[in-house]
Structure formats: C-alpha cells, structure tokens
Amino acid sequence: MTDATLGAIQIATDDELESPARRALRRLFRRKGAVVGLVVIAVFILLALFAPVIAPYDPVATSWSLVRKPPSALHWFGTDDLGRDILSRVIYGARASLMAGAISVGIALGIGVPFGLLSGYRGGFIDALISRITDAMLACPFLILAIALAAFLGPSLGNAMIAIGITTTPIFVRLTRGQTMSVKVEDYVEAARAMGNPRWRIALFHILPNIMPALLVQATLSIAAAIIAEAALSFLGLGQQPPAPSWGSMLNAAQRFLSNAPWMALWPGLGIFLVVLSFNLVGDGLRDALDPRAR
Amino acid sequence: MKILRLAVAAAALLLSLGAGANAQTTLRIGLAEDPDILDPTLARTYVGRIVFSAVCDKLFDIDDKLNIVPQLALSYETSADGKAMTIKLRPGVKFQDGEPLDAEAAKFSIERHMTMQASFRKSELSSVDHVEVVDPLTIKLVLKTPYSPLIAQLTDRAGMMVSPKAAKEEGDKFGQHPVCAGPYKFVERVPQDRMVFEKFADYWNKDNVFIDKIVFLPIVDATVRLANLKSGGLDLAERVLATDLKDIRADPRLVLSTVPELGYLGLTINIANDKTKGGLSQSVKVRQALDLSIDREAINQVVFNGEFTPGNQWVSPTHPYYQKAFPIQPRNVEKAKALLKEAGVALPVTVDYMVTKGAENEAVAQVVQSMAAEAGFDLKIRVIEFATSFKQAQAGEFQVFQINWSGRIDPDGNSYVFMHSKAPQNDGGYSNPEADKLMDDGRLVSDPAQRKAIYEKLTKILLEEEPIIYLYHRKLLFAHTTRLEGFKPLPDGLVRVIGLKLK
Amino acid sequence: MLSFLTKRLAQLVPTLFFVSILIFSLQHLLPGDPALVMAGEERDPAVIEKIRQQYRLDRPIPVQYFYWVKGVVSGDFGESLRIKVPVLELIEQKLPVTIQLGSMAIVIAFLIGIPAGIVSAVKKGTAWDYGANLFALWGISTPNFWLGIMLIFLFSIKLGWLPASGYVPLSENWRASLASTIMPAFVLGNAIAAILMRHTRSAMLQVLESDYVRTARAKGLFCKLIVDAVFNRDYAVVQGVVLVTATVYIMLNLIADIAYILVNPRLRA
C-alpha cells in the first residue's frame, strides 16, 4: 500500500513514468476500442492542424454553378447550397470542434478543480456555499445555461467555448470535491499534515495527483460533450459565424435540403459522431484502465 | 310499441350521427410559426393575421388588384377636406356570441384599438381624433389631418371588429378565446400545437362557407411542414421553401399556389448612428458602390432557384406604384471599384453586417458577402437572434442590417416609417428634409396618379442616397393537396376561407 | 433514514432559490428587450413604454424578482409574455407529452442499455463486448439534433412510415400516439441507454451516479417550450419551466439516492 501511494505521490515530481501510470497505459492499450478511439482522434487532430494543406478547396469559396452537386470525383462529399466543397468544410470544421472541446474543458478544469479542492478540503461554510451553487447550476438544463451564456456574450466561436466551459465547470467542481473528500482521509495525507505541510501544498502535491485519474476520465468524456455542445450552439446560430465552417452550422444549413441534398447533412453529422465516439471510447478505456478494482 | 319507437329513434339517431360524421369536413392548415395572442388589438405577428382571416372579419378587404372591397362595411366616403371618413355598415351582421354589429359596436372596436393600454394598433390609427355614431349603421371617423393610407389600415387588424360584450368581460384575456364576426368561431388552442375553429352558423356570408372545421397547426421546420402535407397530415401549407418547388411541381397530389408579396428584403445602412464612422455612413459613393457590386439575379438563382423577384425599390416591379423610370441596375464591379477610389476610402472596406438568424437569411448574406468582396468590401457577417436584433438596430449597433419587411398594401406603409426623419423604424437615422416633405405630401393626396408623381421624385432621391439597398421581393409560396378547391392567395399572404371546398 | 430525508428536503429550498436567481439574472443579462420582441414590426415608443410598465420591465431587477417569488409562493407563475397564457397552464399542457416521451425513452433505454451491459460484462473482451459497447456508446456520441433529422429523413420522408411532427395523445389513438412519439423517444432513449449500459457494467458509481438523471433532464423535458421561450425573451415561461425541471431533477436525484441506500445495506449506517 505504501509503495503504491508513494509511487503515486512521485508522479507529480518525477519525469520518468512510475509503475502505476505505466500499468494503466498498458491496460489502456489492450482495449481495442480505446486504441481505435485514440487513432481516430489523432487523425482528426492532424486534419485540423494541416487543413490548409490537406483540404482540396478553399472552404469559403462559393461557386454559383456548383450549387448542391452530389458527391463526385471532383467533390468527394458533394457541394453545399452555395457551391462550396463539403469535404474542405468538414476538414476545416474539425478545427472549430476540436478547439471547442479542448478549450471549454480547459476552462472547466481551470475553474472547477481549484473550487472543488477548496470545497472538499476545507469543508464547512465554504463547502456548503459552493455546493449549493454547483447544485443549482447542475439542476439547470445544460443547454439552456449554455444558450443563455452564449447569447449574453455575443455570437462567436470564442464566446461559445467560454459558455460551454462555464457550464461544464460544476461537473468538475462536484467530481473534484467528492474525490478530495475521499482522499483527504487517507494515511499519507494525514502523515503529510502531521509533518507540517501547509494546506495548499498538500492539496497540490498530495491530493491532486491522486485524483488525476478520475479527472482525466471525466475530462475526456466532457470533451465529447463539449464538442456536441459546440455543434448545438452553432446549429442555433450562437457559435461559429458564417461563412467560417463549423459542423453544427453546416447541419443547420442542411436541414432545408434533406430531400434535395442529403449529403449536406450526412458528412458533418458523421464527423461529429466519429470524434465524439472516439473520445467516449478513450474515456471509457481510461476508466477501466485506471480502475483500481479491475483485474 | 314503446320499444319499437325507441329502436326507430335510436336507429335514426345512429344514422344521422353516421351521416353527420361522414359529412364533417376539416381543413388543416400548416403555419410556419405559432401566432402570438389572438386579439386583433394586441396582435403583432404575420401568422396571426392568417388565423384572423378565418375568425375576425374587418370593415373592408382587398381584392387581387389591391382594390378596397366591402366586408363588414358596405362603403366609405371621405370628406372634401380629407378630415372625415363616413362608413356605412352592413346590416344584419352578428358576432359569434349573438351580439349585433351596429355603429356602437364598431365605435367600440375602433376605440379599443386606439386606447387599450398595450394596443399595437395605435400608430395605425394615430390620424383618427375620435369616432362618431351617425346612425345605427353609420359611423364617422374624424381625423386630425388628412391621411390617405387610413382606408388601407381598415382592411387589416385595425379594421377588425370585436364583440363589445366579450371584450368588456375578458379585457386583455380576450385573445384566449376571441369573439369576432368572422366565418369560424374559436373552439380551442393548445400553444405550439394547434388552434381549432368551427363554422359559425349565423355568419353573414354563410352561404359561401362550405368547410365545417379549420385546424391551424404551427410547424416551424419547413421540411417537416412539407412532409406533413405530402403524407396527408395537412391540406394546406404556407411558406414552403423556394428550393422545394421543383419537388412540389413534380408531385401530382400537390398544387402550388404563389403570389408576389407586398414586402421586400433590403440592407438598411446605418447613416446617422454609426459610431465607428465607417465608409458606408460617411459617403454616398461607398453606398452606391455596394449596390453596384451586388448581382440580384444571382442571389435569386442561387438561394431561391430563381423563383423570387429581384427589386430595387420598396415596391416590387409588378406593383402599380413601381417607378419604371428607375430600373434595376445590373452588377458592375468596375464601376463599384471606381466609386470606391473616388470616395478615397482605404480598401478593403470592413463592414459590420448584421443578419437575423435563419437559414435563408444567412445564405443570402453569404452570397452578398462573396460578391461584395470582389469590389473591395469585407463584410463581416454577424448572425443574431431575432429578439436581439431590434434592440441593436434601434441603438445603431450595426453598419448594415439585412432585414425583411412583410409589406403593407399602401406604398406609404413600406417607406414612411423607415425613411422619414425620426420615424420609429428609421434605424439608420436617414434624414433628408426634401424627402420628408415628399413623404408627407404623399399622405395628403388620395388620387393615385398624383401620389405616384410625388413618389417618383421621392424615388429619385432615395435611389441616389441609398439609405436602404433593396434586394428582392419574395413570392408567397403555398402548397395544398388536390382535395382543396377554390384557394387563391392574395398579395397580403392571408388564407381567405370563403369559397374553399374540400373534395 | 428519516433524518437523511428531512435534511435533503431541507436542502431543496436553498438550491431552488439559487436556481431561480441564476436563471433570473441570466435572462435579464441577455441582450434584447422583451417589450421590443412583443412589439415586433410595430414600434410606437409610447406603446412600448406602456408594455414595460405593465410587466414591470422598467423596475430594477431585484424588484422584479421579488414580485416573481411572491407570485410563485401563492401559486402564480406569471403568464407568457407572448400569448398571455398562464405559465402553469402551458406546463400542464405539455406535461402529458413530456411524461409519455420520458417514459418511452426510459423504456427504450432499458431495452437497449441493460442487455448491452449484461452482454458486455458476461462476454468481456470478446467481439460481443466491443459490439455492445459501440452500440450503446452510439447513443451519446450522436448529436441528437442530427439523429432527429436523419430519422425524420429516413422514416418520414423516404419511407413514409412515421409522421414527421405533431403529437397525438395516448387517450385519443394509441397507435397514432406511439407513431408520433417513437422517434423523439428513441433519440432521447439512446443517450440514456449508453449510461445505463455503463452502470450495469462498471463499478465506479460515484463518478456516474447522477449521470443518467442529469442526461434525462438535460435532454428533453419541455425542450421546445423552453428553447422558444429563451429566444422570445419570454421570461416568465423560462423561469417557470426551469423551476419545475429543477425540482423534478432534485426529487429524482433524491429518489435515486434513497434507492441506492435501500439497496446497499452497507451505506445505511
């Protein structure tokens, strides 16, 4: 028990990976679903990064003679209602989606974890206050909160990411708080306290590293949810502004043409599905890999 | 013996029920939105007017040439000085609760529109000073100043008559079960789901009402609305998409019915309230350049499959008041570039381009953006919610505002409120005393030829100064099944139920 | 148990209080003016002022909040600014649909999620496991507005099997009612299925405990009503619906926690 926990503490300070992390990674790679997920995510990240090189056409270049053409050799995914190449728009749209996922969850972690630590470790009135507010935010329908925030901040991709980030924060506050509360009574934490470590040091170097696994799992799952949320906000007109592509706004435009040009709805939807599924697979895999009770 | 009689009675009852059930016809109409409150004094939505045309008759109506025809009133006469309008009512008309429509009721209705606290009809009737009862079937509207568009107002909500008894009882809850004098009376309403009305037995024109029930179903998604029509869930659908017309024309079970609208879609330029003092607000040449960089026919082709009508004035080219002396100018990028050079503005000219949410709106905006880019404009599209757009427009927080206007029968209704100084919807802040005088003069005169001459001068000024760049006029697109006979839409887009039959 | 129950019920009030303040402030921070929305194309400034006064929109926000709370406590949730119908009536009208949709969604979720979870656990590591995993994960990975569009395209437009919209109450015609609700129920149920599957399979419940309730709540209660209301700045409707939804959510949470304790004797200390 002591070895494992000392090893866990050293994760934060050593550069070299220690056995618990290595073991987790090993178990992760044994799950085929998670591996597939990681590969797909990597592919999309590459697509997003190298979009200008990979995309065959300018995603905002309109062409009046090529309106709503079905998939062909020239345009693998067909063209949209303004004659733009859908494949190029899907590739560039990956940028908006992936950024939205990463940055929103980054915001949620950055705000949620400190508050969760504070709430779980300190307890008392601060805990009660933070918990009530968190419960209130969680009780409100997520999408309504996100819509309201995004509408308030003004329609743009950046503001949508902030809105989603803030709306995702309570999940991390709750999770961090729960994990903190169960970890803070562990022997090594008590020992560290007895040795005279100040509370902030304990929180940062003893508690945080031990709740990382749970946070990591939730972060992966939240990225998936954030990507869907960005699509939903763009679908409603509150995210990425036209003509810049976003999978969500592409779906919005595609609605009118379901019978005429169904390919307009198919590809962006598929994109969202693949990316989100991959993050979910990885998150699931991580959870199984890090579950101390699994064989 | 008793049993036999009972049996016969029961059989007769069953037969009659059966016969009745077979004969009851229901017309199901699909609307593009859920209307707001069904009170003619408080209502403001376009779809509400469609529902009203089945429920609340008005003093006058229009025909397909936009002439005034009698409905609840038989005739009107304007005094020589233009300050009084005498209206003769149709005798024998009853409201749906049995109350008679007489001069007192008419006076009550008009005064309700003028004085009720939250009434949206006040500006339409602002020229009226008071209403007098001349005799039981005649009223006189006494005006503050001559106002020729008044009669047009009386063909819309401002001319709708409500039962004084019901209105007094219900107050501002009247809209939850309206009682008017139209062919169908209110049965029930489930918000965002349906509104049900049934034939009013004592309607003054009941011989021409053939359908027993009307159900209005708000279905917001146009694709879903059309799907319902095709599957038989609807008999008539309004506002089908231009891009679906090919499909509808090819379907033998459906009939397409179109009529040019009274309104327009245009780009309002912020001239007086532009805080950043961009090129468009400072220089007429820049505005003219923007106009010249746009190919209206291309917008029509790309976004609407060529079904709509390009335009450059506030009335469509087919409207009697269209000024043929000022036709639509074709796209001319070279001239646009030259104008920008003359204006001496730095290229590209960045513009904050505000658009209300909506797939077709956004498509039009992107087409305009793409075209204007070639001339040297960088239009930054900003999609905002409908609810926010008014506030921002009023506050002047835009440089170009792409917005449509549903249109009014009288050309004054398409121009005055937008371009007269200090008018309530003049968001761009345009102000030209000469134009003001022409718009005011247009209201004092009733003779169409005279008015058209006045408006010709107005058109010349406005097309040069370009406070609003008009792009196109929609066609109102209705689709219905072949079962429905007798449907003919008028330019105001309302569904008139008189004479409709279901096979 | 009793003290646990009372403690949790006591927490209901401050939480609802925070919820209502949160939504109230957010709505009023939203740009856009309900008086202008109501005015629409007509914009006579005098009329707009009158509207503002009538609905107390010109008063400071805390004052407006006070009047709202006063109303709620006496059972008056206000009325829709758009159509002047009492909010409670609107909620009442939507309740049958919501309950029917919710129940059907949960049934579908159970039908998909539990067998998938069992198969996945029993045949762990095999193709069955991954297959079941994928099938259930599909539920939370597809954006439900896309799934909805695709289902309508397939079943309504192409095949013509199901109606594209409209709701027929169960009491009227059970076949038509099922036909009109099966697609949205499927979209909702899908997502819940995935969570249920994980529940059935995994032991890390503290991460997941309120997931399925939260998902159910987030994805559908009164969905259309509230989205429209936000876009129309119909404050009273949003307030009312959020309050009801939050209450339902908290109650469901409470029931879930109680059930958990009852089922797991070790927690009963």
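To keep things simple, chains are lettered A, B and C as they appear, and every chain counts its residues starting from 1.
Criterion: a contact is a pair of C-beta atoms (placed from the backbone, for glycine too) under 8 Å apart; a residue touches a chain by one contact, two chains touch by 3 or more.
Keep in mind that what you see is a predicted model, and the values were worked out from it rather than measured.
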Chain nearest the global centroid, as defined over all protein CA atoms shown
C
Among the chains, which has its CA centre at the largest distance from chain C's?
B
Per the C-alpha means, the centres of chain A and chain B lie apart by a whole-Å value of 46
Distance from the CA centroid of chain B to that of chain C, rounded to the nearest Å?
36
Report, in whole Å, the distance between the mean C-alpha point of chain A and the mean C-alpha point of chain C.
23
Please list all residues of chain C that touch 2 or more other chains.
30-32, 152, 157
Touching at least 2 other chains, the residues of chain A are 151, 255, 258-259
Among the residues of chain B, which are close enough to touch at least two other chains?
221, 223, 385, 388
In their shared complex, chain C is touched by residues of chain A numbered 32-33, 132-133, 135-145, 147-149, 151-152, 154, 175, 178, 214, 217-218, 224, 228, 231-232, 235, 248, 251, 254-255, 258-259, 262, 265, 268-269, 272-273, 276-277, 280-281, 284, 287-288, 291, 293
Mind pulling up the chain C residues that touch chain A in the complex?
11, 14-16, 18-19, 21-23, 26-27, 29-32, 130, 133-134, 137-138, 140-143, 145-146, 149-150, 152-153, 157, 198, 202-204, 206-207, 210, 214, 217-218, 221, 226-227, 230, 238, 242, 245-246, 249-250
Chain A partner, complex, touching residues on chain B are 221-223, 241, 243-244, 247, 298, 301-303, 357, 359-360, 362-363, 365-367, 369-370, 381-385, 388
Per the touch rule above, chain B residues touching chain C in the complex are 34-37, 42, 44-45, 117-120, 122-124, 172-173, 175-176, 190-193, 217, 219, 221, 223-225, 227-228, 230-231, 233, 385-388, 390-392, 394, 405-406, 424-425
Complex contacts: residues of chain C adjacent to chain B
30-34, 36-47, 50-51, 54, 80, 82-85, 90, 93, 152, 156-157, 160, 163-167, 224-225, 228, 231-233
